[in-house]
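Chain IDs A, B and C follow the sequence of writing; residue 1 opens each chain.
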Amino acid sequence: MSVAAIESGESPGRRALRRFAQHKLAMFGLVIVVIFVAAAALAPWIAPFDPLETSWSRLRQPPSWAHPFGTDENGRDVLSRVLHGARASMMAGVIAVGGAVVIGVPIGLLAGLGGKWMDMVISRVADAMLSIPFLILAIALAAFLGPALENAMLAIAISASPIFVRLARGMALDARNTDWVEAARAMGNPPWRIGLVHVLPNILPPLLVQATLAIAEAIIAEASLSFLGLGQQPPNPSWGSMLNSAQRFIESAPWLAIFPGLAIFLVVLAFNLVGDGLRDALDPRSQKR
Amino acid sequence: MWLWLLRRLGQVIPTLLILSVLVFGLQQLMPGDPALILAGEERGDAQVLAQIRAELMLDRPLAEQYLHWLWRVLHGDFGFSWRIRMPVGELILTKLPVTFQLAAMSFIIGVVIGVPCGVLSAVWRDRPADWAINGVALFGISMPNFWLGIMMILLFSVQLGWLPPSGYVPLWEDPLMSLETTIMPAFVLGTGVASVLMRHTRAAMLGALSQDYVRTARAKGLSETLVVGKHALRNALIPVVTLGTIEFGRLLAGAVLTEQIFSIPGFGKLVVDAVFNRDYPVVQGVVMATALIFVTLSLIADMLYMAINPRLRTA
Amino acid sequence: MIRRILLTACAAIGLSAGIAQAQPNTQNLRIGLREDPDILDPTLARTFVGRIVFASLCDKLFDINERLEIVPQLATSYSWEDPRTLLITLREGVRFHDGDVMDAEAVRYSLNRHLTMQGSFRRSEINTMESMEVVSPLQLRIRLSAPSAPFLSQLTDRAGMVVSPRAAEAAGRNFGNRPVCAGPFRFVERVAQDRIVVERFPEYWNAGAIHVNRITYLPIPDSTVRLANLQSGALEMVQTIDPDDVPAVRRNNRLRISISDELGYQGITINTGNGARAQTPMGQNPRVREAFELAIDRDAVNRVVYEGMFAPTAQPVPPANPMHIRDFRPEARNVERARALLREAGVTTPLRVEMTVPNNPDLRQVGEVIQAMVREAGFELRLNATEFATSLQAATRGEFELYLVAWSGRVDMDGNFWAFTHSRGAQNDGRYANPEVDRLLDAARIEPNADARRALYAQAYQIAFRQDRHRIYLWHRKNIVAHTARLSGFVNVADGLIRPQGIRLQ
């Protein structure tokens, strides 16, 4: 707990919230995230067309008033597909990272609190996984699970989990040496209880930061897997699969690639901004203001 | 120090062993029978399939396959590619310089952009310039590599005709052509590195600028340039150096999609093609090689960190 | 800001490079391939792109011309002494790249290697061969176990490639790392996934037809990037481009395009008898399959996805093939009839069907278009885009209902039909089996008279494709080769190979 927070008589949570709200870039990022989440949630109502409705009479038409983002190779409305694609990307980001946290944090806590051998085995496995390039691991897993959006999410979740294992383990090891955990242990509390009650609350701030940044990475990973054809299946849209199909028409119909690419860029940017903002706000060391 | 090094090495070996089991296991889980792919048009012929399986030892128990592979690896033999029948070790050696060159160029681009931007951004904290630099840096990590790559090919090769759109010429064959073929992919990868370095430099600089010795220096009336350049920067660079080593390792390990798009015959392309062709000896060999490089670089990073920051040695 | 500086720097480098590149080369032909070839051993090779490289490395006993006629190459003539005995006369004075003389003994060695080497992919192509006899240094007699109409055409492809016995003996299974044949170019180097380089072989028997010194084959999987390389002058020629890139190439006056019909086809394999997935209305009821076929408008799919460039079809061989049956045309789309057929079949609509689709952008789009079309007839088509390795296994094991497939095609009809429709066919993934069709296919195989053979195929078509409907043929694709305007003398043969003979660079 930082001295400054105690001195000012403000709770750490409130203080972080205030600092976050003052962080203009972070707030900007948050606004974009909210807009995209809303777009994803409301896609069926706000999309001007059915994203799957094909029309052979309006193939690859450039942007116009009727179709602000143009139409694609099957005459489908690109704007509607980008809006619906937001669902795949946001879900891939949030669920995959959620999965990574659910897998990674308990294992990390176990490593940190469960004793020497447990720690060694878990750490070595996590190291091994971290030494395989993220995308290769995800490609191999996605190929194994079969191409589908859900499987891509699972593949990303598994590939991203070692980071959270490390994070949780590190925090657990730190916490283990603190007085209150030693006291709790002396009182005979089992490790899982110590992890749940004493360690978990402390690692929430860094976890939140890491998770936000990981969402940004997961969205790119989903796009990459879909780009390789291992994610969302046709005809359902996801930004990565849209880019994949757009590649063939990059010269004749660049709008097919520009809008989904822009959408990925904006969302990832926004999550990164929010993550940075959270880091600054939650970091007790940065004392400025 | 030596004891520490021994201990770290003691960690590396089990890590690599576990990794080899993981890779081996993962491949067994993957759908797609390699014998079927190799059998091609004769895939309906059970005799041909049995012959191929026998030749590649695919008909033996898993444990035996693994141990056989491990035994050969310990003797420096990674086997041969099922698809093109070249020794995997040779394949790795021909790809390594390519990937190394690409990684080095990306890294230079990353450092040249990332570190100065990080410093300036910290000095000008919360001013418009800070936001602008942050924005540019975030651009780097937020832009999907494959997308940026395609756009660059479209602009520089197709529209303007300045650079070859893909392919690779070795540095020793024609240095200028070599730079031409690698500058775009290096830039694509470099933007990502620049962003990471910039963010960490910024954080480290902010930390350093709030330290007592910087305050003292300021109080002594030293010029801001001197304070920043001499006192803060030196300390801020410590974590950046170690981080840089790891980033370099990452570059070596995985420029998967970028290499794919620019047809750069490096590690990433080798391993992705091998995965899709179920050329297992190549997948195993390359993943182990990248892991080895990555682990070695992390080790160097840790040693650097300790060398620069002696306080940690006792820890 | 920083970005702009860097962009400018890039630009400057590029500009200086542009000046350095200004001198066009006339001796080095660079060809972009769709993928990296597999092993360069004629006996063990499997891929189509590999055959393109072999066109410069390894001459064959016979070749085919634009009219798909069999013409001499390493052999000068042949004669059937009886329906089972073939006498081949060889060209005199042909040398292998290692300087050895190519003679009847070398041909016998090569054919024997194709036939007996472990893992040979040529065996099934020439396994009707019973014995060989070297009559003289330039004459070889081959005896077949049964008359075979397609046998000679097999010798126009890899099975007809003659390798240097000395080199093959020395290299064993690694021969493909440094192939030694009797083609116009000899092997220089191969960097996996990067390039294959061959150089002119001065002692080539037809050296007068060769006008470039060196050919570099560069695998570039992405078609956009491949085309960009051609446009920027980094390649002189590309193996195939997408039909939707054709207008752009036509507009560019520095590029030329050359189009020929391919030997193969695009079609849909239906699982009618391979495991549990065949136990569906689609697999069991020909009416449902007929409804599905009638719901597809081949012309429209072709227009939407391929700029109308491909040739819609209902049979496995293209019009250029002498066995093509002109009257056997695709039926026009008829949604009403399709609906009626589904009613007659007594299935509840929408009928759920799954189609495995290769994971390529254009074929995924084909899947999407078909999906929209058959919906109107009462099918709910689910697409399952699958990468090659997985789909191959799924197809063999019968883990599919419908499978969108392509076949690169063979010169002889048999290579496009027998293996896919005969109950013992190696690529009959749907396990279609009809004894009458088997009988017709076997009879056609040994029928020397072309008209009689065509009649047998026509009967087989009626049963297999109109009555049983075990496969749906969609269209014949095109070989679209694009090259720089500086290149001349290229002959586009239907097999899609790039024969270096006659090619010049200005």
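Note that contacts are C-beta pairs under 8 Å (C-beta built on N, C-alpha and C of every residue); 3 or more make two chains touch, one makes a residue touch a chain.
All values reported here derive from a predicted model rather than from experimental measurement.
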item	value
From chain B, the most remote chain by mean C-alpha position	C
Chain closest to the middle [Cα centroid of all protein chains]	B
Distance between the centres, which are taken as Cα means, of chain B and chain A, whole angstrom	21
Between chain C and chain B, distance of the C-alpha-averaged centres to the nearest whole Å	38
Computed distance of Cα centres, chain C from chain A, in Å	44
Residue numbers of chain C (touch at least two other chains)	222, 224, 387, 390
Overlap residues in chain A, where contacts from two or more other chains coincide	143, 146, 247, 250-251
Two or more partner chains touched - positions in chain B	31-32, 139, 150, 154, 158, 276
Chain B to chain C touching residues, read off their complex	31-34, 36-38, 40-45, 48, 51-52, 55, 81, 83-86, 91, 94, 109, 113, 117, 132, 136, 139, 150, 153-154, 156-158, 160-168, 176-177, 179-180, 183-184, 187, 191, 260-263, 265, 269-270, 273, 276-278
Residues of chain A that touch chain B when the two form their complex	24-25, 120, 123-125, 127-129, 131-136, 139-141, 143-144, 146, 216, 220, 223-224, 227-228, 243, 247, 250-251, 254, 257, 261, 264-266, 268-269, 272-273, 276, 285-288
Chain A to chain C touching residues, read off their complex	54, 56, 59, 73-74, 143, 146-147, 229-230, 233-235, 244-245, 247-252
Contact set on chain B toward chain A in their complex	11, 14-16, 18-19, 22-23, 26-27, 29-32, 125, 131, 134-135, 138-139, 141-144, 146-147, 150-151, 154, 158, 199, 206-207, 210, 250, 253-254, 256-257, 268, 271-272, 275-276, 283, 287, 290-291, 294-295
Chain A-facing residues of chain C, complex	222-224, 242, 244-245, 247-248, 300, 303-305, 357, 359, 361-362, 364-365, 367-369, 371-372, 383-387, 390
